[in-house]
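Below are the structure tokens for one structure; questions will follow.
The chains carry the letters A, B, C and D, assigned in the order they are written, with residues numbered from 1 in each.
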Amino acid sequence: MNPLLNALLVVVLALNLFALGTSRLVTVIKIVSLQGVLLGLMPFLIEGHLGWRLLLASGGTILLKGGIIPFMMIRAMRDVQIKREMEPLIGFLPSMLLGALATGFALLFSKSLPLASAHTTPLLVPASLATIFVGFILLTTRAKAITQVMGYLVLENGIYIFGMLLMGAMPLVVELGVLLDLFVAVFVICIIINHINQAFSSLDTRRLVALKE
Amino acid sequence: MQYEIHNGLVLIFAATIIMIASGLPACFFDRRFVWTQRLTTALMLIGSVLGWWGLVVASFGTPASSIVWDWHLPAGHFSIGLDALGAVFLIPVFTIPVLGSFYGLSYWRQSEHPENGRGLGLFYGLLAGGMALVVLSRDSVLFLIAWELMAMAAFFLAGAEDEKAEVRRAGWTYLVATHAGTICLLALFALLRQVSGGFALSTVVDGSLTTGIAATLFVLTIIGFGFKAGLMPLHVWLPGAHANAPSHVSAVMSGVMLKMGIYGILRVLTLLPVTELWNGEVVLGLGAITGILGIVFAIAQNDIKRLMAYSSIENIGIITMGIGLALIGRALHRADFVLLGLGGALLHVWNHSLFKSLIFLNSGAIMHAVHTRDMNRMGGLAKSMPVTAGLFLFGAVAICGLPPLNGFASEWLIYLGLFHSVGAGSSTVWPVGVAAVALAVIGALALACFVKIYCVVFLGTPRHPVHGQPHDPSRLMRYPMMLLAGGCVVLGILPQLGFPLLQNAVEQWMDPVAPAIPQLASAAPFQWISSMAMVFIVLVVGGFVLLRRKIVRQAPALVGTWGCGYGLATPRIQYTATSFGEMLVSLFRWVLFPRFRRPAISSVFPAKSEFSTEVPDPVLERVILPAFRQAGRNMMKLRLLQQGRIQIYLLYVLAVLVFLLGWGKLGF
Amino acid sequence: MINLLVHFVLMLAMPPLLLGVINKTKALFAGRKGLPLLQNYYDLIKLARKDVVISQTTTWIFVAAPVISLTGIVMAGLLVPLGPFQSPISFTGDLILFAYLLAVGRFFTTAAALDTGSPFEGMGAAREVTFACLSEPVLFFALLVLAKMSGTLILGDLLHAPLTVGIQGAAASLVLVAIGMFIVLLAENSRIPVDDPNTHLELTMIHEAMVLDHSGPLLGLILYGASVKLFVLSAVLLHILFPFQSGYALLDWSLFMVEMLGVAVAIGVVESIMARLQMRHVPYLLIAAILFCAFGFVLLVR
Amino acid sequence: MAFVLIFLPLFMAAVAAVVPSDRLRPWLLPVTGTLHLGLTFLVLARPGQVATTTWLVLDPLGKIVLLVVSLLFFFCSIHAVGYLKNSHTRSNRVFCVCFSAFLGVMTLVTWSHHLGIMWVAIEATTLVSAPLVYFEHTPRSIEATWKYLVICSVGIALALLGSFFLAYASLHAGINPTLVFEELLQQAPHLSKPWLHAAFVLMLVGYGTKMGLAPMHTWLPEAHSEAPAPVSAMFSGALLVCAFLAILRVYHLCLAAGDAAFVTPILIFMGLFSMAVAGVFMVGQKDFKRMLAYSSIEHMGILALGIGIGGVALFGTLLHVVAHGVTKGLLFLSAGNIYHAYGSKNTDEVSGALRRLPLSGTLFLAGFIAIIGSPPFGPFISEFSILNAGFATGHYVASGLFLLLLLVIFIGMGATVLKVVQNREPASGAAPQPVFREGLLTVAPPIVLLGLVLLLGLHIPAPLSNLLHNAVDFLEVQP
């Protein structure tokens, strides 16, 4: 089923670039949630058959990343009444180009990786690396707290993609644990974001520089 | 478990414990109970008496007595031991602190210093006991523990009056210096363990190690212990700490604690195969420089206690010269050099601890009387406090190394050694000869220095009105000084008393392969010195009595000092400490960097103004502090790393990741 | 035994004569008749009989100092052999004692000077100790050279080294040492060009300034001590200058006395033909002396 | 057993959540701590590994960390009661809940032998401790919390990738992929090297972020300085060590795979670099809690250096885990008292602590003397044995730098500490109202801790040394 899988992965990569390119926070949130949903679907394509364990894990993923997290984020965003990312530390176009470069690099680099024969054809590894890079780009170039959370989620997605390579290794409990952590993390972050907005009347992390030497 | 207990060691160990704990009971009582101080002193006394008893009954045969207990440390053992070398250094430890603590009963009354009295007692005991433990310990880790106990206690003692900025600064300087020394010692002992295979301070390293390692060990030893002893570039902490500590503490620090650095050097040198000529020459040169510069700085001081502190540096220099000569002897297998050099050094250890403690206690009495340390404001105290003046004279004459007091005895031994090695045509004639001359210069400068301090403080007329009538201190402060002065006289006339122990120590220090060591008494005909000294004393006393009688009989006309025709002579026109030292200071301007504060003559009739000079420690003020400030400034620049931007922080993570992946050369 | 006696007699009796000779020489140079040779003896006797005037500011140090310094000088003199004869007292290492006995005297003389609290005497004391710091190394370099030559540490044998060992090989260094020691002789005994014993401008004096307040027997003791010091140091110098020995005691003694007088004359000549140095130039002279002796030492051991 | 140890604190957290009274609730913490400590001792008494499931195993390494965590929590919980008494401005419900939950998840870290579980647990520690940092509700504390959350989460995410790499390394070696520690350990020699190395680097960077190795340490000073004293103590003494345990796991794998040559230089470099950074920021540090935080970074560097040197240094390193934990607890708790008494962390406003707070000031000073590694305190023994190992294994340059940095750090730290304790009290009465008084609750824990530090320096108890030796043997076991 590799063709379909690869198609999905290409979509994921495209979504990365979109996330880099857009300035509207809602769009970013939606893109990331869509990415999450796609990731949730992939295990079916890899395993091929439906197991309850698989259902549980992927279902959890889809529910959390596609439903709960965007919901919480959008609520938080509405609470603090902000719409769009301000001009990031490096512009949208440059960051897009950077993301593209990263993707290309990932594609080339993963060629040289000593991969098991089964994993050479699918784009899993390059996609995961590229997504991780994009996540970092978002984290380091965006100023708004919410966008940084998005960056973290993208990073997490990238790692999740790599996890596809070794379905067996991660027992269900662990997968659920990871998801739970993710959920709690986002939950706490939303609270903090709220407080940041109350305390600094903005979400610009560039104002959070009181603590320094 | 190995037990070779000789009663001596057990007694001394008990004494050490008692000293360490001496200050403890007082801490459980309220600061208002003044009698607790007497309790502390009593415990110190018991400890010292036990210690002396132990020293008397101990036998210094081989194997040296030792106690080894298993100890749950990775280091392994709690092992202490006693040998002649240790005994030499234990004698001051069991003598000076107890005298100082009696002195303290009156000098630092609990009733007058309620808030730091008990703490002072506690750390005083810790210092004394710690020093004893340093000498006893035969295990690196135990040694380090004792060493740090001593160093920290000294820090808290010197910082007793920490509400004064000067005291804080001095204490901080001391703390940094001593810690730097300890760091070197850590390296030293770690390296020593690697080459000797254990922490025991008794296994001699065989000569089979590379010259590089041997040199490193030697240098680490000199630096690590040099910080404590106050060798010249490393002395920076010494003047401040001694000047600002309470006087009886300064007495112990200068009289005993500095010697622990010397002890450390000697002890480690017994373990190391230090047999190269340059080692000895380096130590000799270091000693000469320390001695000369130390006394030159001393002459330039106006603060009485700073002056004494610098003179301690000078004496350490003399001791170091002796050690250097001994090392040369070791390298050349000349037992007589070792005997005279080390014998003189060890004897000087005793002598210095006697007269330096004496004059430090004395300075305390002076400060009680005039409430200042600035000699330019003193003068004429011999009239109001004759006993103090007399006792100080003993210390001053002794410390100049003048016969018939003890300072001469030890310097004489070192001179003998130096001249021997010149006359014997050994291969290091000229450095040794220059060292001998350096010692002579030290002697002359010391004379100038102590003429200055004695005369400016006690003779002439008061240069400054002192509120209250200065008077001799109470008995509690006088008797310890008298005992010390007596010690100076006895060791000056009959140094032979100490010879058996010294001989023992030297023989133990000399490496076994060396030729047989001659007897100290035969190498140095001290009976002559003794008889000459007695004749001298008899003649002087007799002559003085006769002259005195003649003068008294004719009832001399008591007039004012002849002002050479100048009628309005006031005390202000006397020579001051500054002016007395001026010529020498200007001779050594190139190393002293004196600071002058000159009044600017503005108008035709200039207003009253003051001229003053001060000589801060050049090494500290011109080298170390600037270097530290510069380093601090540069570090402040690096602070930009932590500038608060979370995005940058995340970049750090990525950067390290990439860097390590690249560095790891993962073979992708 | 006889020699011992002679040693005592000469050391105690002869010194004032040397001063007389020096003064006479100067007078002759100046074309004056000059004081009688024995004038200094008369002065000492007169002073011994005089009463004492003592400043209230002084303490017992003031009285003790002259005694102590004289004792020190005399005992130092007992360690120095006169001419080719043995010294009354000699033992290994007495050379150090010799130097330090002189130092004891210096300590108390300067102390007594400062005891009076007079600025001039303080000035003199300061100069005395300062210049001593520069003359000490000269003396020790000289002793080192002799010790190296003789290989002994007994002052007597050491000073006889030129006589016994012979000067071959060490001649150059001995000359240098002799020059240095002569300068020290002048400085230590406060002669021109370092100091002027009979100036009356206090500001320019060293030794004389220190004794301004002493009077009567005290002053006598000090002057006498100074002359003995001159005698002793000249005796030391003589061993380096004229290492001769005839073997006949009488001849040797007379020869020695002639030599002593010769030194006195030499000093007188120097004092007459030279002017006093400025006080701030004195150190250069002494440093030069140090260098002379140091070179002498280096020449010997190289 | 594991479940009891892990779920007891979580259960107590639940109880705390429902207890209504702000006055009583804090007392749940000491109860938790006592029970947990008792159970911990019971577990430690059992020889060898204590296996509950294949995933939850308490090996000797875990035992040491568990001991530190439980011990430190016990003292901090007592101190926390006094602390909350003194700051009764707002409800302490969140604090109590999170604090005991914190203990639970850290216990989980010590037990987990499945790298996935371990990752979950460590991420969980971040999440439950974030509200603790935020306790003061000041803008500064928000900022600290934000940085703590984001930086640590990102770092730990990388660690997850590293864990995946490990699994992939096993898969690549033809074994079916696994994250169970035992299996990995047995397969270690066969694991594919590149993936193993990559995994090591990723986990070093990832968990190193949490452990506070420079330059990923950036969150640490903020969090430590803003959090309440007991929390800072737990962070520095226990939390960082949990992350260190995670690094020890992968280090252990590399050793077993015979890759010591690969990990050694990296670890030594990271260790010395952390020490250097800490030194730079400690010199002239005005905020004494930040100063302590940087000292934690320094000591984490020492730990990294220790395992980097390896071999004989391992004993000293593991001992240092304990010694540092106890000492840092002492320092943070006494520093907390000083902070409370003066209402400031700035040395310009804080001085004369020895006069205003005789006990806490003395404890702070003693803790300083201990932490700089001067005898006769615990850290001296550990650092000295690390140094000896360094010389013995021929790492002369590293050991020399180690000593040099120790000196620099001493200078930086000493200046600050002496400013705090010495001198008269500041003239301007900066004392907050109500005036802070040293109570039994706030002073007793540090006093006992000081006793422990001294004990570690003078006489390591036999059980502890056995524990350490077992751990060393366990680390050096070759399958």
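In the analysis below, a residue touches a chain if its C-beta (ideal position, glycine included) is under 8 Å from a C-beta of that chain, and two chains touch if they have at least 3 such contacts.
Everything quoted here is computed from the prediction, not taken from an experiment.
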Fewest touching-chain hops separating subunit C from subunit D: 2
Most distant chain from subunit D, judged by the mean position of its C-alpha atoms: C
Geometric centre distance via CA averages, subunit D-subunit A, whole Å: 31
Interchain centroid distance [CA atoms averaged], subunit A/subunit B, Å: 69
Chain centre separation (subunit B, subunit D; CA means) in Å: 43
Rounded Å distance, subunit B centre to subunit C centre (Cα mean): 36
Shared interface positions of subunit B, touching two or more other chains: 639, 641-642, 646, 650, 668
Residues of subunit C whose C-beta touches two or more other chains: none
Contacts with two or more other chains, residues of subunit A listed in rising order: 114, 139, 148, 205, 208, 210-211, 213
Chain pairs that touch, as defined at the top of this document: A-B, A-D, B-C, B-D
Complex contacts: residues of subunit D adjacent to subunit A: 114, 116-117, 119-120, 123-124, 126-127, 130-131, 134, 137, 139-140, 142-147, 149-150, 153-154, 157, 160-161, 164, 167-168, 170-172, 176-179, 192, 194-195, 221-222, 225-226, 281
Of subunit D, residues touching subunit B in the complex: 146-147, 150-151, 154-155, 158, 193-194, 197-198, 200-202, 204-205, 209, 215-216, 218-219, 221, 262, 266, 277, 280-281, 283-284, 315-316, 319, 354-355, 369, 372, 374-376, 380-381, 384-385, 387-388, 390-392, 399-400, 403-404, 406-407, 410-411, 414-415, 418, 422-424, 457-462, 465
Interfacial residue positions of subunit C with respect to subunit B in the complex: 51-61, 63-64, 66-68, 70-72, 75, 89, 91-97, 99-101, 103-104, 106-107, 110-111, 114-120, 122-123, 125-127, 129-130, 132-133, 136-137, 139-141, 143-144, 147-148, 150-153, 202, 212-213, 217-218, 221, 283, 294, 297-298, 301-302
Complex contacts: residues of subunit B adjacent to subunit D: 71-75, 115, 141, 144-145, 147-149, 152, 159, 162-163, 168, 171-172, 175-176, 179-180, 182-183, 186-187, 190-191, 193-194, 631-632, 635-636, 638-639, 641-642, 646, 649-650, 652-653, 655-657, 660-661, 663-664, 666-668
Touching residues on subunit A, where the partner in the complex is subunit D: 114-116, 132, 139, 145, 148, 152, 155-156, 159, 162-163, 165-166, 168-171, 173-174, 177-178, 180-181, 184-185, 188-189, 192, 195-196, 199-200, 205, 208, 210-211, 213
